[in-house]
Amino acid sequence: MDIHEYQAKEILRASGIPVPPGEIATTPDEAVAIAEAYGGTVVVKAQVHSGGRGKAGGVKLAATTSEVREHAENILGMTISGFTVGKVLVTPAEDIDTEAYVGVLIDRKAQAATFIVSAEGGIDIEEVAHSDPDAIHRLTVDPRYGLMRHQAYGLANSLYEDPALVKQAAKIIHQLYAAFTSSGASMIEINPLIVTVAGEVKAIDAKMSLDDSELFRHPALLEYRDLSAEPAAETKAREANLSYVKLDGNVGCCVNGAGLAMATMDLVKYYGGEPANFLDIGGSSDPEKVISALEIITSDSNVKVILINIFGGITRCDDVARGIVEATTRIDIEPPIVIRLTGTNDKEGLAILAEAGFSAFSSMDDVVERGVEMAKAG
Amino acid sequence: MAILVGDDTRLVVQGITGRDGSFHTLQMMEYGTAVVAGVTPGKGGQTFEGPDGAGVPIFNSVDEAVAETGANTSVVYVPPAFAASAIEEAVDAEISLVVAITEGIPVQDMARAHAFARDHGARVLGPNCPGVISPGKAKVGIIPGNIVTPGPVGVISRSGTLTYEAVVHLTNAGVGQTTCVGIGGDTLIGTNFVDVLEAFADDGDTEAIVMIGEIGGTDEQEAAQWVQENLDIPVVGFIAGQTAPPGRRMGHAGAIISGSSGTAEEKMKAFEESGIAVAKRPVDIVGLIQSALSA
Amino acid sequence: MDIHEYQAKEILRASGIPVPPGEIATTPDEAVAIAEAYGGTVVVKAQVHSGGRGKAGGVKLAATTSEVREHAENILGMTISGFTVGKVLVTPAEDIDTEAYVGVLIDRKAQAATFIVSAEGGIDIEEVAHSDPDAIHRLTVDPRYGLMRHQAYGLANSLYEDPALVKQAAKIIHQLYAAFTSSGASMIEINPLIVTVAGEVKAIDAKMSLDDSELFRHPALLEYRDLSAEPAAETKAREANLSYVKLDGNVGCCVNGAGLAMATMDLVKYYGGEPANFLDIGGSSDPEKVISALEIITSDSNVKVILINIFGGITRCDDVARGIVEATTRIDIEPPIVIRLTGTNDKEGLAILAEAGFSAFSSMDDVVERGVEMAKAG
Amino acid sequence: MAILVGDDTRLVVQGITGRDGSFHTLQMMEYGTAVVAGVTPGKGGQTFEGPDGAGVPIFNSVDEAVAETGANTSVVYVPPAFAASAIEEAVDAEISLVVAITEGIPVQDMARAHAFARDHGARVLGPNCPGVISPGKAKVGIIPGNIVTPGPVGVISRSGTLTYEAVVHLTNAGVGQTTCVGIGGDTLIGTNFVDVLEAFADDGDTEAIVMIGEIGGTDEQEAAQWVQENLDIPVVGFIAGQTAPPGRRMGHAGAIISGSSGTAEEKMKAFEESGIAVAKRPVDIVGLIQSALSA
């Protein structure tokens, strides 16, 4: 789960990391009031789950009240990478001397949290990695020992020469790791970590993703979920324990298993169609899930055909068949449905479908070909 | 022969009394797997009723199960919050192969469990994997027993049902398998493609390999390199997720294109450059494997 | 540093372990007031840094107010293993079903914290280890992983059969380990850990030692030091950063290095004398330390002769000589002093001594022989 | 020959600018030890002034010191609160021998540092030890250089000044040493008697060993057993603390009789039963060693 900059900053602040103050405004009036309370120059920052906010015009310096109002008016309601800006963060501007980058994320290969730091901050770290790979320092934290004192100092030494700055940075790196483990994060990025002209090290921008699988341990963090920042269908899918990603095509896909779901989308494309979505009903056999899945797919008005592809394993075909039949009686499904059903309890499933007047394919290629055909026709 | 599981497998089921655990224990026993013990804390002393009146003793801990039954392999159906601990318990009890079926285990839990397994020289398969089946010998996990058949092909996959899709085509075409291994779709998995490739390379009976990857990470690229440098037998590959958009998690925690890295395109390219025949559709795997076997 | 039962219980309570309430009384009146507030039967327990309090009559059940008063009067002021009882803990009596033992300490060989648990509690664990070694279960905690969930359950399984008790015990074992690490303990013992007739697992007695070297990290725990529970000379030694242990002889020893100090005591015995103390002035070269050491030794009225044995290494002989001279001018030292001084800067040291009218030996055997002779003569 | 330190030793001093660190660095350099680097965080780039105008470069980290100077051994004079971290830093920088002089390091810090060293195959000597000296070759730590002389006897001790007491008697009697090792008086030490005995056994030149123990723990008993089972050269032993009362810590954190365990009596008995000649007084070590050498 991605969270907003202002939320990430709350977590970092709670871990002791120096982060300038800031408040959230949802209207230009609120933004102006916050800026006036701070006095002086402020920064107005769009709060959306996307990088590149600066380039998109979503981050603006404002020296006067009228500038604050103007920027807040422009940014609120703006669309950045498909996300509509509903909130801005208003925060006092800092006198910046230098900018660095400090990030920590789960590294697949090292199977552990890994720090990435660079004295070149304030810009996209992938660009730095490309243009000047030596400017980037990596450190994998052994989960058996956690971040060790000398390692935090080692990273800090690669950022600064001045011992006073090294000491501040080492402390921040420790606090960042503590925030990472205690919040069940999968990624935290401070970019930039600045040195002010007064010689203080501070985090002035932050990005953070939480591990969905660990959220159950952190009920307070669940409050950070911004439902306005995700499409209603995805919210519904998550609540029903389904994986759903909306795409731009018209062949609605309902599949069990992530790999098979991706392969089904790929096959739709192979046969000349365009998938409308990724949807994995998972390994369970709950007919309710099938009903939710069909509701979610049909909420997309682009969908011309619903393609159900089930290979029973844990999922039992009879349960899926029951869900399909139940869904068609309970909700109004306009697009036609094509079904492929094979694997565990497929005979029972096919019988249930037949009774309700559905037929089903046994081959994945056949069902996809037919689905694409119908989408084109419809 | 076969890899990972076979005639020597003596299985303990962790979470045997749960909904999934009990269902799949029956399936594994029906397939002929030697399920020698179950573990559910607090239910030690009870007996799990298997098919045909066979009973499996239940213990409070894996430790006891190993001491009493000589179990050497475990399968984990424990809920996510406790699953990493269950893996650690199995490793600590000197289980050499832990197959973790559970989906949704916190990543930082798994970082620790994987470190613990490495320290003890134990192999973890998964988590969030369908398990492993050596046709005619043993099934550990949830891969349906009726879709496999003994034969010369090794199958490795990050996916569950997509594996079944591939395997059933092979079986229908009369091409049997030595072992089918699902390595799991999570960000941190214990056994990767190269580990399984090495095992197949050492298995005398595997004559060709099917490797099914997906978007996210670079495991397939490393596997391709390993194949090119080390493997003498032919490999057929398939990658799911050509139509997946970047930055979105496609069901599996590990199936996500980060920036421009981890795409299906680069993985297919790596396969081709390493001499791995790439199937365009799952069904095409059959023809490619048949020509590889007859070459 | 050993702490009292009631202090250990405060730490365990703060870690979430179920511990019955209790309050401290220094007078019989206070004890009665506490007991009346609880109502019902209470236990009156001597608070001293010693085991065997029960056998010594320092732990008494009191069903009535007059019994509370009687026991408090008897216990307060009582001497147990040389410690005078200044405080009693008054705590409600529990309805005990079973008693177990749970302890955790630093194990030298395993180089890590090690749990020792036994279903046979309430008695001396060393006796259980002797009479029924199989009743004792040990588990070393790998410091890289901490106490793992399955390990806590494994220990709990060895204590109880009933799953409800196992669950409570596993939680307590986890909390105990957390208390151990977060307080920098070297030993914590819950004996007994009881099961009440109502089926609750509780800690009703606790013993705890803190690692002196880690106390600097836990300033709050320093408050637990009970100066009334240690001789004034040891308090003074600790404050001066000296190691001092009082013994029963009359040859006062002042040595640099613990091994040499013990060997000096042994040699006193070898030559027919009895050491009055162990005293290690440590590796530093601070003349003030020598002065404090001589003050502490002379505060023991048994001391007939002061034997100074210095082998200079880090410690420089001239510093020690300066300390001796300074001490003899600053404080009134009655017993005669015999000195052995060799090693780093010994020539300078001997010169300083000579100027002040002291002579010194170069051999340890000679100085000890002479010291013992003088103690016998004096 | 010699053990642990010798002609190949390239030393980095951690805490070189502190009071003890700077004093003993001078002493070590005067003895002829190759002190190639110092470390004090925040003072990187400065130079430590050695005797006769020799300069030692100071670095911010051991990592840098090793990279720039090829240091292979470190000695730690860092204050107790940060000393365990300094040991870990040296181990992480692939230093193979870390000599920890600091007294008063928290025990739980050391449990972690020792685990880290074991994981990396590094040897920690100490903490709370006087270090090690190979007469005529190298001195790492604080053992006075003027009391030792080259010769055939290996010395191992838990104590500092008591070692000096023993060694000076040997030297005065013309009996030189291969290496004198102080293993330290703390509860948790990295290198124990058996480790050093093994090293002496592999050292071609050590013809007899002096082993100086004290009350507390069972290291001496295990050493005695190892001597009996494995060692071909004679050993002379001494135990301090015959007059120590039980339950009281005698200066060293590790010097404490727990219950009835760890007494001088049982250690002397173990020595005798293993054929180790036990000296009653430190001075008696000389005669016993001389007869051992001439036997």
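Think of it as A, B, C and D in the order they're written, each chain with its own count starting at 1.
The rule we apply is simple: a residue touches a chain if its C-beta (ideal position, glycine included) is under 8 Å from a C-beta of that chain, and two chains touch if they have at least 3 such contacts.
A quick note: this is a predicted structure, and the numbers were derived from the prediction, not measured.
For the pair subunit C and subunit D, chains touching both partners: A. Each of A-B and B-C has its own count of C-beta contacts, and the greater count is at A-B.
For subunit B, the chain with the farthest CA centroid is C. Chain centres here are Cα averages; for subunit B and subunit C they lie 55 Å apart. In this assembly, the C-alpha centroid of subunit A lies 28 Å from the C-alpha centroid of subunit B.
Measuring from the averaged C-alpha position of subunit B to that of subunit D gives a distance of 51 Å.
Counting partner chains per residue, subunit B shows two or more touched chains at residues 112. Shown for subunit A are the residues in touch with two or more other chains, namely 144-145.
Taken as a contact graph, the chains fit none of the simple arrangements: neither line, ring, star nor complete graph. Across the whole structure, chains are in contact as follows: A-B, A-C, A-D, B-C, C-D.
Considering their complex, residues 144-145 of subunit C touch subunit A.
Residues 145, 148-151, 153-154, 157, 163, 166-167 of subunit C are the ones that touch subunit B when the two sit in their complex.
Residues 20, 24, 80-81, 103-112, 114-115, 119, 130, 142-144, 147, 157-165, 168, 185, 187-188, 212, 214-215, 217-219, 238, 240-245, 248-255, 259, 264, 280-283 of subunit B are the ones that touch subunit A when the two sit in their complex.
If you check the complex, the residues on subunit D that touch subunit A are 41-43, 60-63, 82, 85-86, 88-89, 92, 112, 116.
Residue ranges on subunit A touching subunit B, taken from their complex, read 106, 108-109, 111-113, 126, 142-144, 181, 184, 186, 211-214, 216-217, 243, 245, 247, 255-263, 265-270, 275, 278, 280, 282-283, 311-315, 342-344, 363-365.
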